[in-house]
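A short worksheet on the structure shown next.
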Amino acid sequence: MSFLEVTAFLANGFVFSLIIFAVTLLCGVPLGLPIAFCSMSRYKPVKAVSKVIVWIVRGIPLMLQIFIIYYVPGLLFKTPIFSNIDRYIISNFNIPNEGLLRMLLINAGSLVAVLIAFSINYACYFSEIYRGGIESISKGQYEAGYVLGLTKSQIFRKIVLKQVIKRIVPPMSNEIITLIKDTALANCIMIPEIIKQAKELAATKAMIWPLFYTGVFYLLFVGLLTILLGRLEKKLSYFN
Amino acid sequence: MKKILAVLLCLAMVFSFAACGKDDTVVVGYTIYEPMNYLDENGDLIGFDTELAEKVFENLGMDVTFKEIQWENKYTDLASGTIDCIWNGFTANAKDDDGIERSEKVDFSYNYMMNKQVVVYNLDGEEIKEADSIKGKVGAAESGSAGESYAKGFEGIVFKGVTKQTDALLEVLSKTAAFAVVDEQLAKSYCGKGDYAKLAYADELSSDAEYYAIGFEKGSELTEKVNAEIVKLAEDGTITKLAKKYGVENTAIVDYADQVK
Amino acid sequence: MSVLEVKGIMKSFGKTEVLKGLDFSLEKGEVLSIIGSSGSGKTTLLRCLNFLEFADKGTISVNGKTIFDGASLKKLTDNEIRENRLHFGLVFQSFNLFPQYSVLENITLAPTLLNRGSEEEIKAEALGLIERVGLSDKINNYPCELSGGQQQRVAIARALALKPDILCFDEPTSALDPELTGEVLRVIRDLKDEDSTMIVVTHEMEFARNVSDKVIFMADGVIEEMGTPDEVFLNPKSEKTKIFLNKDIEKV
C-alpha cells in the first residue's frame, strides 16, 4: 500500500472519529444544561437524582459505559437493540460493496451505542462545567436584573448567559480537545475509527508505521480546534 | 427544549424499529484470521469460514452479515444477541482459561476442520525447539483463545495477552515477545510470507489435535439447521472446493458420517 | 399624600432580628439620608423596599397604594413583585453593571426588554441620561474600561432609565477611592435639583447634612432619631446618635 492509500484508509477511520466528536458535542452541549439546572435545583429529590447520575457517569470509565449501553439491552432484556439496527439495515438497504458508506451502514448499530454513551458521558462533564460557571456569577448581577424589573428567564438569557459562556470557554476547550482523543475508545466495540483502522493495517499488512501516523490526524485537528477556540476566547475578551 | 425533544423522539424511533429486528438476518461474529475470515486486496471479507457461512445461510434462506468482534468478548456478544454465532476457527474441544470446557458455554456445530496450536518464533532470535528453550520467555497469544490456554500450559513462561492472533505475531515480529501461540491454520498462511518472512513455527511444540466448530448460544435453533446444511455441502463437494481455494484441503473435514447420529 | 409610606417593617434572619419595626414616610422630591453604623439594618431596609428581601411584617405603600403587606406575603406572584419593584430604583454599592454590555447598552437593556418605547426613543432617552451623568464621551465603552466613579454614574443612569418613583442608593460611594466620591455625590445632588425622590444610605455625613431634607439615624434595627439635618446633626436627642456623630468627627 502506498502512502496515499494508507492515508485514505486512515482518513475513512477518522471520519468515524469526527462523527463521534460532532454528535457528542451536538447532543452533549445542550443536554448538559438541564442536568446542570437539576444539580442546582431547590427540589432536593431532583438535585439528588441529578447528582447521583453525574457521580456514576463521571465515576466509571467511558469504556465501561460503552460496554454497558451496548450489551445490557441484550443481556438483561433479550433485546439487542444495537445489533438489531444492524440486522434491520442489512435486510432493508442495499449495502454497497466498498467505501465509507458501507463502513457506516454495517457499523450503524454499534455507532449509535457509542454516540449515546459519549453524549451522556460528556453531557455530565459539561453540566459540571456549566454549574461552576453559573455559580461563579455574582449575586449582584441577578439583583441588578431584579431591581430593573426583569424576569428570571430574561436575567439568565440576557445577563448571565454570556458571562457564563466567557467563563466556561477555557474548561470547555479542554474537554473538547479531550473528546477528539477519547473517540479512540470506540474501538472497544470494533467501531472502525482511525486507531482501529491502523491496527487493522498492522494485523493484515504488517504495517506498523500507520499506527503512529494517526497522531498526525489528531494533531492537525486539535490544532484547528485550538485556533477556533482561541478565537472564541479572544472574541469574549472585551469584558471581564 | 424543542431540539432536545426532537433528538429524544429520533432516538425513540431508532429504538422502536431496532426492538423489532428481523429474525431472518444472522449476524456472524468473527475476528480477522487468515485463511478463515480476512480481507482481500479490495477490503472485502473473504476466507473459508466466511464463504462457508455465506453458502449455508443462503441455502437456509437467511440474510447474513459479518460483525467483527473482540475475541475476548465473544461470549458476551453471543449472550447479548449482538451476534448469533461465532464462526471463526473456533476450537471446540478446548477449555477456556477458567478451566471450563467451551462446550459447556456454547452449543457447537459438527467439527468441520482440524487444527492444533503451534508455537511461532522469530528466525532472527533464538531458535525454539523444545519446551526448555521457552522457559522464562515472554509468550503472546490472543486473550480468550485456545492458544492462551495452551501457552499457559508451558512451565515458567511469562504470558502476554493480546486482542488478536495477528497481534500476537506482531509481538514476535517486533520482538516484544519471544514466541506466540496461534492456530496452525493461521501460522501456515502467515509464517515465512511477505512481511512475516522472519517467522517460523516449531512442530515439536504443537498441541494435540483440535477441532473447529461453529459456536451458537445454548439452545439455539440454528445449530441443527446449520449442521444439516454442512452435511449437504460436504456431500455435493462444495466444502472440498472451498478448502482447496483457501489451501486447507488437508484439514477440512468432508466426511460427517461419524458425527451424524 | 406621601410618595412612600412605610409602617411597622420587621425582618429577621433566623433568630437575628435585623429590623424591629420601622415607620417613616417620604414626600415627593424629598431626599432621605439613612445613617448609622454597620449592622444597624440600613441596607436590609433598602433591600426590603426593593423586594430583594421580604419583610416579615409591616406594609409599604407608594402613592397611597399598598404594594407590600407582610400579612399577605404569599399572595404576591412573580409578576406582581416585578411590577411593584419598578416603583423603586436601586443603585448598588458595588455598581453591578453588566460587564458584557457597553455603557449605552447597560442603560437601554431593561427599557428595551420591558417594552418602554421604540428603539429610537429608548436610545434618545439613554443618551440624555448619559449626558446628565457626564459620560457622553464613554457611551460605547465597556464597564471594565471605566473608573469606579464612572461606573457608579452609569449605574445611576441605568436606574433612572426606568423612571422609578423613588431612587435608592446603597452606600453608593463606599466602594470608591476617596478622590472619586465627589463626582458621584455631585450627580446625586444634581438629581435633587431636578426634584427626584431619593433614599440614600450613606457614610458621607457632609453629604447627608447638606443634601438631604430628612435624616434617619438607625441603630440596632430601630429608627433612633429622625428629623431635618439640622435637628439630627446639631441637636441630637438620643445618646446613641450623639456617640455615633462624635465618633464620626473624631475619624475626620
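We just call them A, B and C in the order they show up, numbering each chain from 1.
Basically, a residue touches a chain if its C-beta (ideal position, glycine included) is under 8 Å from a C-beta of that chain, and two chains touch if they have at least 3 such contacts.
The model shown is predicted, which means the values in this text are computed figures rather than measured ones.
K.L.:
Measuring centre to centre, with centres taken as mean CA positions, what chain is farthest from chain C?
P.N.:
The most remote chain is B.
K.L.:
Most central chain by CA mean?
P.N.:
Chain nearest the overall C-alpha centroid, as shown: A.
K.L.:
Please state which pair of chains has more C-beta contact pairs than any other pair.
P.N.:
A-B
K.L.:
Mind checking the centre-to-centre distance between chain A and chain B? Centres are C-alpha means, answer in whole Å.
P.N.:
Using C-alpha averages as centres, the distance is 33 Å.
K.L.:
How many Å are there between the centre of chain B and the centre of chain C, using C-alpha atoms for each centre?
P.N.:
It comes to 81 Å between the two C-alpha centres.
K.L.:
CA centre of chain A versus CA centre of chain C: separation in Å?
P.N.:
Comparing mean C-alpha positions, chain C is 49 Å from chain A.
K.L.:
With touch defined as at the start, can you tell me which chain A residues reach chain C in the complex?
P.N.:
Answer in residue numbers: 138, 140-141, 143-144, 146-152, 154, 158-159, 162-163, 166, 238-240.
K.L.:
Quick check on the complex: what are the chain C residues that touch chain A?
P.N.:
Contact set of chain C toward chain A: 50-52, 78, 82-83, 85-86, 88-90, 92, 94, 96-100, 109-110, 113-114, 142-144, 158-159, 162.
K.L.:
Across the complex, what residues on chain B touch chain A?
P.N.:
My answer: residues 3-4, 7, 11, 14-15, 17-22, 24-25, 27, 32, 34, 38-39, 42-44, 63, 65, 67-70, 76-77, 79-83, 164, 166-167, 170, 173-174, 194-196.
K.L.:
Within their complex, state which residues of chain A touch chain B.
P.N.:
Residues of chain A touching chain B: 27, 30-31, 34, 67, 70-75, 78-88, 90-91, 97-98, 106, 109, 112, 116, 188-190, 199-200, 202-208.
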